[in-house]
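Listed below are the structures to be examined.
Presented sequentially are two complexes of chain A, the first with chain B as partner and the second with chain C.
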Partner chain A sequence: MPLQVQDSGLTGPLGSLGSLGRPALLAALAFALIGLTLCALGAARDRRDLAAAGIRAVVATAAFVAFATFCLLTAFFAHDFSLDYVASYSSRSLTGPYTLTALWGGVEGSLLLWTFLLTVFAAIALTRAPARRSALVAWAGAVLCGISIFFLVLLAVPANPFAALASVPADGQGLNPLLQSPGMLIHPPLLYTGFVGFSIPFAFCIAALITRRLDDSWLRATRRWTLFAWSALSVGIVLGGAWAYTELGWGGYWAWDPVENASFMPWLTATAFLHSVVIQEKRRMLKVWNVSLILLTYVLAVFGTFLTRSGILSSIHTFAEGDTGKWFLPYLAVMLLGGLVLIGSRLDSLRSENRFDSLLSRESAFLANNVLFVAAGFAVLWGTVYPIVNEAFSGVRLSVGPPFFNRVFAPIGLALVALAGIGPLISWRRMSKGTFARVARPPALAGVAAVIVLAAGGVRSIGALLALGISVFTAAAIVGEFARGSRVHRRREGSTWPESLRRTLTRNRRRYGGYIVHLGIVLMVIGFSGNAFKVERSAELAPNESMTVGAYSLTYVDHSSASTPEKEINEAVIAVSRGGERIATLRPQRNFHIAQRQTQSEVAIRTTPAEDLYLVVTSFDADATIVLRSFVNPLTWWIWAGAAVMLAGMAVLLWAPAPQAVPGPAPVRVRRTEVATR
Partner chain B sequence: MRMVACALLVLAVTAAPATAGPADVAIDISNQIMSPFCDGVTLHDCPSQEALDLRAKIQRWASAGWSRERIYERLEAEFGAGIRAAPPARGAGTLAWVLPGLALLAGAGAAYSFARRWAVGSADAGTTPVVMSPRERARIDADLEALRGDTQSEVRT
Partner chain C sequence: MTTKQVPLATRPPRLKFAIGGAVVAVAILGLISWAMGRPGSTSFYMTIAELQAEGPSGVAGAYRVNGNVVPGSLEQQGIETSFAISDGAARLDITTRQPLPDAFSTAYENDPAAVEVVAEGRYDGQKLTATKVLAKCPSKFKTQA
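== the complex of A and B ==
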C-alpha cells in the first residue's frame, strides 16, 4: 500500500491517508455493534451505566466515520489514484472546491457521506437528549446503532470507497462536468442531511413504541431534528431545481424524474407529519397516524435511495449506480414490517385522548391537509414505480413522465395551497359556518378579484388562473393573520406597526414561522404558474443573424474560443434587444470537457421578477454556426424568491422554543360555548 | 360559494385555447414523449444531438400538416409504446390514472368518517362540559383578555 501511495504522486500538504480509511470504518463498525449491545442491554435491564456507555460508543463510531471521511478527502486532494474511487471520480485537473464534490460523485462516497451524517447526528442527538439516560434515549441509541451498522456493512462489503487498484493510473477519469457546479457543492449534502436527519425522529419513535411511552415526549425531544431535516430537505430540493435550471439547459427546473421524486416523496410525508404533530401536541390525537407518518417518511427516504442507486429506474440526476440496491430491499422490509408490527402491537397505547368538537375546526383542516399530502406522496410513488409494476405483470414497459405527474399532482397541490389559506382562518375545536364565511370573505374576494383582473388582462390558461387566484387568496389570508395579530399588539401596547409585527412574530414563532413558510410556498406556486406562459424557440444562426423569442430579438454578434486544462470553451455573444432597444449581452457556451470526452452547454440567463430570458447553445459548428435554443420563462424569479422566504420561515421555526408538555386534564371545567378563541 | 362560482364562470368565458404553430406543436409533443436517447427525461429536456434531430423531425411533420395523433402513432411505431410520457388511459394504463384518485377518495372518506364519528360522538355528549387543564384555561383567559380590548369583529364566537 505505501508503494502505491508513492506511485500516485501525492501533492497535497497532508499526503493521502487513504490506507487508513478502511481500518477506520471497521473500527466504526465494531463500535456501532458495541453501542447497539450496550444501549439495548441498558434499556432492557434498566442499567443506566450501560446505556451511557452505549452512547459513548455511538460517539466513538461517529469519530471513526468522520476520520474515514477525512481520509477519503485527503486521498482526493492528494490525487491518490491508487484508490479506485478516487481514480474514477477525479483527475489531476480537478482542483479547488469541486474536489470536495467528488466525494459524493459515486455510490461509495455518497454512502460514506450518508453514514458520516448519520453517525454524527446520532451522537449529537443522543448526547444532547433531555434525560439522556432514560430508556427512551437508550432504545433510540440502539435503533440508531442498528441503522449505522447497516450502512457500515454496505461500506465494508459492496461499496468500499477505499478499494485499491492493482495498478495505479497516471491520471483519474475525472468528475462528471455536470457535478462541477456551485449548486452541487451544497445540494447533495443538504438532501442527505434531510434524508438522514429523519433517522433521529424515526429512532425516537421506535423507542417510544418499544417503551410504550407514547405521549408527546418523543415528539418534543425530536421536534428540532424533524424541522432541521425537513428544512434541509426542502432547501436541498429547491437547490436541485436551481441546479437543473442553470446546468441542464432545457429551460426547466423540475422534470418529475425518479431522483427528484425520490426526494419529494419523503418531503411530502414529512410535511404531513410536521402538521399532524401539532394536533398530537395540542389535542393528544392522531397518535397512530404520527408514528405511521414518521415510519413512512424514513422508509421513503431509504426507498428513494434504493430506487435510484439500484439502477432499476433511470434518471438524468443519477450519476452513480452500483450493486448496493439489492442490499436495501431486506433492510427496507425489516424497517417497514418491523415498524408496522410494532405499531400494531401498541394500538392500545396509541388511542386518541380527545375527540373532534366539530367538522369545521382547525383540527379538520389539519386532517384534510394530511390526507392530501399523503395522497400526493402516494401519487408520486405510484407514478414512479408504475413502469416497473406494469412491466412485471404485462411485460410491457410504459413510461410515466411529467404529463402524468402534472395532471395528477396539480389539483392536489392547489388544494393544499388553498388549505394553507383556509387553515389559519378557522378556530381550534369549533367555528360556526357564519363566522367562517365572514373571516374568509376578504381573502376570497382578493382571490376572485385577481382572477378577474388576470382574465381581463388576457390570461387564458385555466390552470394558471386557478393557481394565481388560489395563491392570492392564501397570501391574503396569511397577510391578514399578521395584520390582525399586529393590530392587537398595537392597540394593547401602543407600539408602532413594525414593532407590533415583530412582537406578533416573536411571541408565537412557531405559528407565524409556519405562516412565513406558507407564504414562501405561495410565491413559489406563483412562479410555477409562469410555466403556462412559457415561450420557446430554436434557430440555426450564423454570425450577425437574428431570431426572435417572445418580445426579444436575439442577434448573434460574435464568438470566441479558448482552452483550459479541463475544457475547450466555445462562447457565443448574443445581443438582446427589446422594442428596438439593446438591453443586455448574454454569453452562452458550448464546451468540450477533455477528460470525460463530453460536450456540455453552459446556459446564459437574464433574470427579472417578470421573466427570465434563457439561452442555450445546443450546437457549435467549426464555421461558428450555432443552434440557439431560447426560452422566455415568466415568473421563474418568484420560485427562488419564494424559497428564500421559506428559508426565513424555517429559521423562525427552528428559533422557536420547544413546545412544553401539556399537562393532563385537571378538574377545571368550562362550557364548550365559552371556547371561542382562535 | 357564490364567489367561487363567479370565478369559475369567468374562467369558462375567458379561457380559450390559443392557436399553435408547428414550432409550438413540436414543443408540446416533445414534452409529451420520453426521450429514446436520454434516461428518464422527456424528448424536450434531452440534450443529446439525436434528440435535437428528432425534435426537428417532429417539427417538419407538424409543418407538413400531420395531426398530433399521426405523429404520436409514427413515434410509437418507431420507438415502442414506452415513448409516451403518460400511460394510456385504457387497458393496463387505466390503473395508473385511477389508483391515485381512488387513494385520495379512500383517504378523504376515511378521514371524513373518523372526523364525523368523533364530532358526532362529541355532539352526543350534549351539554357535557369540556375538560380543560388549568394551563389551558389560563391561556384561553389571557387570549380572551387580549382580544377583549379589540373591536367586536375580531372576537370569533
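== the complex of A and C ==
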C-alpha cells in the first residue's frame, strides 16, 4: 500500500507509515522466536555466546515492536483512515494529545502498547541484569521471549492493528469522549506498565525455578522492577479512580466493577509479594510463598486483560469485541499449571532456612499481612468470578454488587492498616509482651483519643470511628518511628532535627520509604471513611430556583450554550452559598459530542480538605430546566493527598540502592539503632 | 536487649501458628459467606416473564432485568424517570430516581427502538423501582456507563 500522504490530509511532517507496521511486527515475531531458541539453547547447554546472541535478538524484537508502534502513531497523526483501527478510533477533529490516547482506544492498539512495553522492558532488564552472563538471565530471556511470542501472535492473527479497510472513509468515527480526558492520557499506560512490569520478576522467578538457583539472587535482580511495576500499577489505579470521580459523574471513585477488580487483584498479591520478599531477604524463609505470589500476580495481571477483552463478564467498561479473549484462556492455563508444576518439582530447593521463633515477632506481622492481602485478593476474585461459576453450575444468573466488596474489604483493610502500625513496633524474631505493650502504648493512646474526640464531636458511625481510630494509631506509630530514628542520629551526631530526619531517611531508604507509603495509605483510608457521611440530593431546577444539599444552598442563576466543531456545550451556572454567604460559583456542563452523537456530563467540584461539593447536570432541557444531582463527599481530598504521599514514598523506595547479598547462614540484621532503642 | 541473649528456637511454636492460621482462614471464609448473604450483595438476573411470575422481590436480593426500551415510553417528571422495557413478548414498567446513563440518552435519541438496558432494583408486583440503570450501547464504543 502506498503511503497515504496526499489523500489523507497529512498533518505531520512524516506521513503515515501504516503500511510498514505489519511487516515490522512479523519481523519482531521472527526475532522473538530466534531469541527463545538461542536463550534456551544457551542456558541448557551452558553456551554463553548463544545466550548473549539470544539477548541481542530480544533487543531486536523490542526495536521492531517500537517501530511498529511508531508506525501506528504516524497513521493516527496523518489521519490514515485506510487503516480500520485508525478509522475506528480517531477523527480529523481529534486534537493533539488525544490522538495519542486513540492508540489505546481499542483492543488492537492496547495489545500493541502492551507488547511494546513488554519487549522494551525485557530488553532493558536482560541487558542491564547483574550477572548478565548467567544461566538465570538466559532462562529469563527464554521466558520473556515466550511471553512476547504469545502477544506477537495475537497481534498477527486475531488483533491486527494494521488491518486495512476496503474503502477509505473521508473521516474516522472519532474517539469516545470519555477517553478524551487528561486522565486517560496516563491511566491506561500506567496500568499496562504495571501489568507488564510484573513479567520481569515472573520471568526471573521461572528462571530461578528452572536453574534451582533459589537463593535471593532472582529477588535482588528484579527488586527494582517489582517496585517499579507495583508503583506504576498503584498510581494507575489511583488515577483511574480520580478519572472516574471527575469524569463519570456518578459521584464515586471506585465501583467494584470487574475491570477495576481486574487491576486490583494483581495489586493485592503484588503488595503481599513486596512484603514477603523482605522476609526471604532477611530470614531466608517463605520461599515457596514468594515464588507462588509472583506467579499468582502475573497470572492475575493477564487474567485481568482476559476479563476485559473477552466480554465474559458484563462490566461498564467491557470492550466486548473481537475474539481475542478466548486466546488468553489457554495461555493462562499454561502459565498457571506450568508454574505450579515447576514449583512442585522444586519444593526441595525451596525449603526455608529458618523457622518462626515467636508469634509476637516482626516475621509474624509480615506473615499476617501476607495472609490478609492474599485473602483480600481471594475475596475480590470470588466476588468477580462468582457470577460465572454460579451460572455454570446452577444456571442461575446473578451479579455481585459493591455492598459485598465493601463488607468484606472494610474489616480486612482495617486489619491491614492496623498491622502497618504494629509491624514497625515489633522486633525481629521475638519480643516480650511487656516490651510490646510499652512501645505500643503511645500510638494506641493517640488512636483512642482520636475516637473519643470524634465521638464527642458527634460522629456516630461505628465503622468510621474504627477506621479513623486505627488510622490515627498507625500514623502515630509511623511518625514515632521517624522520631525515634531521628533521635538516634541527633544523639549520636549532634545534628539538627531536620538534618537527623534526612539522615534517618537516606540511611535506610527502603525501610523509611516503606513507612512513607504506609502513611499515604493511612491518609487514603481516612478519605475512604468519609463515604460513611456522604450526602446525595437530586432536584429539577428552572432558572433562579434553589435546592439544598448538606449545609449548602445551590441556586441555578444562569445558563449558557456554545458550540465548537467537536461539541455543543450547555453550561449551568450554580451559585453556592453556605450560612447565607456566597462561597463559590460552579459550572457543571452537559455537552453533546457531535461526531459520536453522544451526550456527556462534565462535573463541577469544589474541593476542600473537609469535603467536596460535587455537581452533575444529568438533563438539560430546551427551556433550560436542568436536573441537578449534587453530592457532599466528606474527606475525599485526603485520598488524593494520601496518594501524593504514597508517590513520594515510592520515589524514596525506587531511589534506594539494590539490596546486597548477605553472607552467613541466618542473616538477622538487627541494626544498632533498633537494639539501642528497644 | 540484644538478640544474642534470646534463646534460639527452643521449641518452635508450630502449633500456635497452625491454630492462628486456622482461625484467620475460618474468619475470612466466614466473612466472605456472611457478606454474600447480606441484602444488596447479590442480585438475580431474570427475564421479564420470570420476574412477573416470581412476584414482589423479597428482602434478600434485588432483581436485574434486561430488555429493549419501548419507543415513546420515556417520560421525565422532575427527577423521576419512567420508561418501559420489553423482550418482544412481555412488557415491564420501570421508574427510577437515578439519572439515566449518558449512553442511554444518546442511544434513545439516535434510535429509541435499539436501546437495550439492564435495570436493577425492587419489584412490587407491577413495576420495577430501579436503583441502577445500565445501557448496553449499540455502538462500538463500549466504555461508557
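Structure notes:
In the analysis below, the second predicted complex is superposed on the first by the 652 of 678 C-alpha atoms of A that agree within 3 Å, B and C clash if a C-alpha of one lies under 4 Å from a C-alpha of the other, contacts with A are read in each partner's own complex, and residues count from 1 in each chain.
In this text, contacts are C-beta pairs under 8 Å (C-beta built on N, C-alpha and C of every residue); 3 or more make two chains touch, one makes a residue touch a chain.
This one's a predicted model, so the numbers in the text were calculated from it and none came from an experiment.
Aligning the two structures on chain A places chain B and chain C in a clash.
In the superposed model, A:Glu536 makes contact with chain B only, not with chain C. In the superposition on chain A, A:Phe528 makes contact with neither chain B nor chain C. Shared-chain residue A:Arg487: touches chain B; no touch with chain C. In the superposed three-chain model, the partner touching more residues of chain A is B, compared with the other of chain B and chain C.
With both structures placed on the common chain, the touch criterion links A:Leu178 to chain C but leaves chain B unconnected. With both structures placed on the common chain, the touch criterion links A:Tyr515 to neither chain B nor chain C. By the touch criterion stated above, A:Trp267 is placed in contact with neither chain B nor chain C. When the two complexes are overlaid on their common chain A, residue A:Asp357 makes contact with chain B and with chain C alike.
Touch criterion met: A:Val627 reaches chain B and chain C at once. Once the two complexes are laid over each other on the shared chain, residue contacts for A:Arg597 go to chain C alone; chain B is not touched. Under the contact criterion defined above, the residues of chain A that touch both chain B in one complex and chain C in the other are 248-250, 314, 316, 318, 355-359, 364, 368, 371-372, 375, 378-379, 382, 386, 396-401, 403-404, 407-408, 412, 435, 538, 601, 618-619, 627, 668, 670, 675, 678.
Per the touch definition, chain B reaches chain A in the complex via residues 3-4, 6-7, 10-11, 14-18, 23, 27, 31-32, 34, 38-42, 44-47, 49, 52, 55, 80-88, 92-93, 96-97, 99-101, 103-104, 107-108, 111, 114-116, 118-119, 121-122, 127, 129-137, 140, 143-144, 146-147, 149-150, 154-157. The residues of chain A lying in touch with chain B in their complex are 248-250, 252, 255, 257-259, 313-316, 318, 352, 355-359, 363-364, 367-368, 370-372, 374-375, 378-379, 382-383, 386-387, 390, 393-394, 396-404, 407-408, 412, 427, 431-432, 435, 439, 444-445, 447-448, 451-452, 455-456, 459-462, 465-466, 469, 484, 487-488, 491-492, 536-538, 601, 618-619, 627, 662-672, 675-678. The touching residues of chain A, when paired with chain C in their complex, are 88, 173, 176, 178-179, 248-250, 314, 316-321, 355-359, 364, 368, 371-372, 375, 378-379, 382, 386, 396-401, 403-404, 407-408, 411-412, 428-430, 435, 538-540, 596-601, 616, 618-619, 627, 629, 668, 670, 675, 678.
Touching chain A in their complex are the following residues of chain C: 1-3, 6, 8-9, 12-13, 16-17, 20-21, 24, 28, 31-32, 34-36, 38-45, 61, 64, 76, 78-79, 97, 99-100, 102-103, 105-106, 109-110, 118, 120, 134, 139-145.
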